[in-house]
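Shared between the two complexes below is chain A, which has chain B as its partner in the first and chain C in the second.
Entry: the complex of A and B
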């Protein structure tokens, strides 16, 4: 781009940097604030003077949280659902996208099946019938209630099948001539050629399973079976409903809970915050391919 | 070349013998089996379950032995002042989210494109993606902390003499807190598509503009923005389908009984009367109303996207 150095353009550049830096700070500072509270002593938090740096630095809250058996149990359930859920999601997405990426010429009922899946984007039974079905299937209070109902991500299938279509047909045709079947063509040619899309979908599947809490809340009858985010929802809402809304500032007990809650919020966010920057390259690519070219 | 030609011959031969092509298609059917079974049970199963909206459904009697009541629940629904209020809240919050969720990411994308220091641009991007990846439970925990009556935001506003505000306790401002926090959560992520659109704008246009003496501002207005226009139209059109999606998990996390008047939306209403109060059939009827409106709006949005931007799902 041609550089111009007029005063007007300098002002523009400076204002632009200031604006974007402020926007960035709105995402950075809240996390810093919560982290600072979680690492401060209860007494320091009670004074209400903690900004973005801990006062009376201590790991006490983290020690307490990590020694709570319920926190660790829910963490275990979340890890289990992430592993199981992501494996099932990805297997189904790959297996479903491949046949649907074929042309009608080579897979005649392709359009019928495609509409069978895509129709679920347009219409759904809603929360209550969905809940009743899961109740009748008999998986309430089991890990399957968290994993199976959302196992077929139709948007992911569509994204991957569009990606599959970009793979040169000659690759498939020559493999077919060499006697390869559809399964080996899928796993030996299509999958290695679509790693950015697979990485994107895997990331989203991990994030979705890690973050889901409403399904845990309604499908688990016993709090011992709650995944981490559902467990956290109950403690955060329970603690804040009265305290944060009313003006009851004198609830010192709740104030003391602040450090504990902040520690749990930060621990709940940490795995995601660590993982996503490394996969940024992939998901940006995947999103752009999926939405713009779609 | 030789391979393709051979294959074409092969294909014409296959067409003649239907059974040979079917044998070739068998693995493709097998691949679809798991997905079809799950979608049949959970998606189409719950679509079938909608019949409970026309019954007085009792779980122990099931879909077949519950008493049929016709349109009773729907008649009750349209008369209910609660329902009209909830419908309005949903529409109002969703519309504001759509507008703000379009405006801010477009602005950020344009301004990011003007950042010449690549490392800083990348840093901004990584940081503003973060809230998108966090659940409303985590963000709720953070927001309760920040926005409480003696929280850091009120402390900051206090420096300018502003009286403490009950951001999450006052019905009149709660919808705006919802819109602002949702826009904030998604702003980074939603810039991705717009940034991609900007990089597709022909750079020689900018060079020509600069030679003709157009300043940065004029270049944005006359070159970048028109270049992004098709994508903006596309995203706006597709968001029509979200006209009744006001953000279930966000509202459920942040609201409370004191905020029902302005903050209760269809999804939270269905959840409360259905799963908390156990009025399954009435809740299903309200849910069906939403599903029908969504069906119309999503279909319309895809149709318009196809007509306006030649967009196709697959």
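Entry: the complex of A and C
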């Protein structure tokens, strides 16, 4: 790397660093901005002059947010949802990807099943039919309405089955010779061999569950059952013309509490920000490996 | 998302249509028959002693306005709160809140879903923006006819708070199918807010005509020519509200249906007066009295920041402008003082203030088929009595629990009434007769008088010579159309709005003023005439 020192390559390296720094900044600065607003006073924020450094530094909005029971309740529900949802997702993804990664020779109806899953990527029933199903299954207003409808992540299944195919056949065959069944092969050979992929998919799953808000709004009947992002959606409304006309001054005032909103946005994003670096090292590797099949 | 919603709505309409048809064949006379049944059932089935049901009856309730400003006091929740407790204790009604959501499209979608799954609660709220949904429900025979129940069971207090004149425009074929949250339209009127500490500094008298206002704008700009400008003008979806005072000065009232000399309704956007107003706007912008960035898609946020930063001294807003956003000006500059004025005109004619004929903030629909439909009216009586009866009470501070009440009734022009009695109490120093809701405001104003600037805004609204007192001196012009959107509106209104917006922007930015005439021609041809005809048909049908 260091060995070649032509001018061209140096310029490239420098330009590359500048480019990457800029990209990093476009990701970091918005977060800084939100953080700065959340730590400033209301009056200072209203002037719109806050950029990346707080003015009239105060923790007031964080105190207020943490004293609000709704925020913490919603946070709890989201955590519950993520834990439950990710476990279910990963279990199903692994169990689905394994048979589908086999060849038609050893698993005859493979194509039918594969198309059956892929079909759902392109077509969906729509909102009302979805609601009707959830309703008649009887899980409306429960945590299951948040984790079960998205239990099968087909995209993840496709990624993982490709990853499984990249694992040398010999490993599997020799395990067979030693008398291992499908379950032993899956859990003792395939899974340990595909940890990067698993980590990646787990991260996908965590982020999906953490960020989704619409299902919470539709399937939950009371705000007490809203996951965090659904709750956030109710406080961060776009104030358009229709809205302004019907709204009371109390509502308009409370929705314009920029500092409060920013504090909640930041707290809401914090857990993901913390988890990310730990899973990230697997991230790149996982996707690349999964897509290059053997 | 938008597309999804439209699809959804189409599906819904279709389903409702089916429901409507099938219902229609069962009971051909939808309007006349059901009124007899509820009365019978109420007298036979309910063994109510006094006002309380024994054994208790059940009623499910979906409330679609639990917004961000509702804060439950400790120990209360959506399912168990002041209102569920009170209704059970006083009336023997077990109110089961099966659904609580903030106001918005999602709630409408959810109610639609509940109709499909046949799981619609007995009582539910509908947003005033969804009158189409209400009319569909009525046509499908899902909404209970409340006319006779209201007549029979509503307490004198409720009838006083919801007089016939107010309910009449909301009836369908003379029948009442929902209970509205009525608001006096006057409380939505706009006024001119002017920074009086600057007036004093510059030694300018208070304005009498709109020419004076423009002169003031020029003087404010002259204080700091590079930074300041005259009028705060956010586009806010081209609502025109932020400039309503300027339009009114030229007797133009865009985005409204006005009655002309012959008693027909005409659209405010195409009237010749608008041309004069646009000409004036063009000049103002040329002189730099309106922000340069204005038409470049400022949705109001930027203009508001300019206001708060002390770059603008004229703001057209409602009575509550002092609490938001003017209070923020005060927070940043304690010297700032504002005062409200009526709209002023450019000629001898008085400038009118536009108001809607009917103003709702939501409504309650009772599903047909409940064993005790009169329970709804009884709950309404209870709510009215709680807030406005002999022994009135107020919600716990800042909780806004009234939004969860199974009914809503308030005095006509509540805030104006409040202001009058608070003003009286402030002058006499006797606060003992104040309503608890007024008491809270009174205390804030006292607090402000003792030097707490936090309540400067409240004091400017409800205090002595408060902005709310100004409404009585206004001369009004009505926006006469309040029906559900007509057929052509549904297909062409969006395009017409776009036309207006385009003409508006180009003229303000310096295009030839005669472009307005071309716009009027286009407007008429591209559906405007059809809509005008439909609106007039609707108007005549109401007489």
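Throughout what follows, the second predicted complex is superposed on the first by the 238 of 294 C-alpha atoms of A that agree within 3 Å, B and C clash if a C-alpha of one lies under 4 Å from a C-alpha of the other, contacts with A are read in each partner's own complex, and residues count from 1 in each chain.
FYI, a contact is a pair of C-beta atoms (placed from the backbone, for glycine too) under 8 Å apart; a residue touches a chain by one contact, two chains touch by 3 or more.
These numbers come from a predicted model, not from an experiment.
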item: Touched partner set for A:135, first chain B, second chain C, both or neither; value: both
item: First, second, both or neither for A:232, with chain B first and chain C second; value: first
item: Touched partner set for A:87, first chain B, second chain C, both or neither; value: neither
item: Contact breadth on chain A, by residue count: chain C or chain B; value: B
item: Partner chain(s) touched by A:126 [first = chain B, second = chain C, both, neither]; value: both
item: Contacts of A:18 with chain B and chain C, given as first, second, both or neither; value: neither
item: Which superposed partner A:223 touches (first chain B, second chain C, both, neither); value: second
item: First (chain B), second (chain C), both or neither touched by A:195; value: neither
item: Touched partner set for A:276, first chain B, second chain C, both or neither; value: first
item: Touching partner for A:47 - first (chain B), second (chain C), both, neither; value: second
item: Touching both chain B and chain C, residues of chain A; value: 48, 126-128, 131-132, 135-136, 214, 218, 237, 240-241, 244-246, 249
item: Complex contact set, residues of chain A against chain C; value: 42-44, 46-49, 68-69, 126-128, 131-132, 135-136, 214, 217-218, 221-224, 234-235, 237, 240-242, 244-246, 248-256
item: Residue ranges of chain C in contact with chain A within the complex; value: 4, 7-8, 11-12, 66-69, 71-72, 77-79, 97-104, 106, 109-110, 112-113, 116-117, 119, 127-129, 188, 236-239, 241, 301-302, 304-305, 308-309, 320, 323-325, 328, 331-332, 361-362, 398, 400
item: Complex interface listing, chain B residues touching chain A; value: 3-4, 6-7, 11, 21, 24-25, 27-29, 31-32, 34-36, 38-39, 41-50, 52, 57, 59, 62, 108, 111-112, 114-115, 120, 123-131, 133-138, 140-150, 152, 155, 166, 168-169, 184, 187-188, 192-193, 196-197, 203, 206-207, 210-211, 215-217, 231, 248-249, 252-253, 256, 258, 267, 270-271, 274-275, 280, 283-284, 287-288, 290-291, 294-295, 298-299, 311-314
item: Complex contact set, residues of chain A against chain B; value: 1-2, 4, 6, 8-9, 12-13, 16-17, 19-21, 23-24, 26-28, 30-31, 33-34, 37, 48, 51, 91-92, 95-96, 98-100, 102, 105-108, 113-114, 116-118, 120-137, 148-149, 151-152, 157-158, 161-162, 170, 173-174, 176-177, 181-183, 186, 207, 210-214, 218, 229, 232-233, 236-237, 240-241, 243-247, 249, 258, 261-262, 264-265, 268-269, 272-273, 276-277, 280, 284, 287-288, 291-292, 294
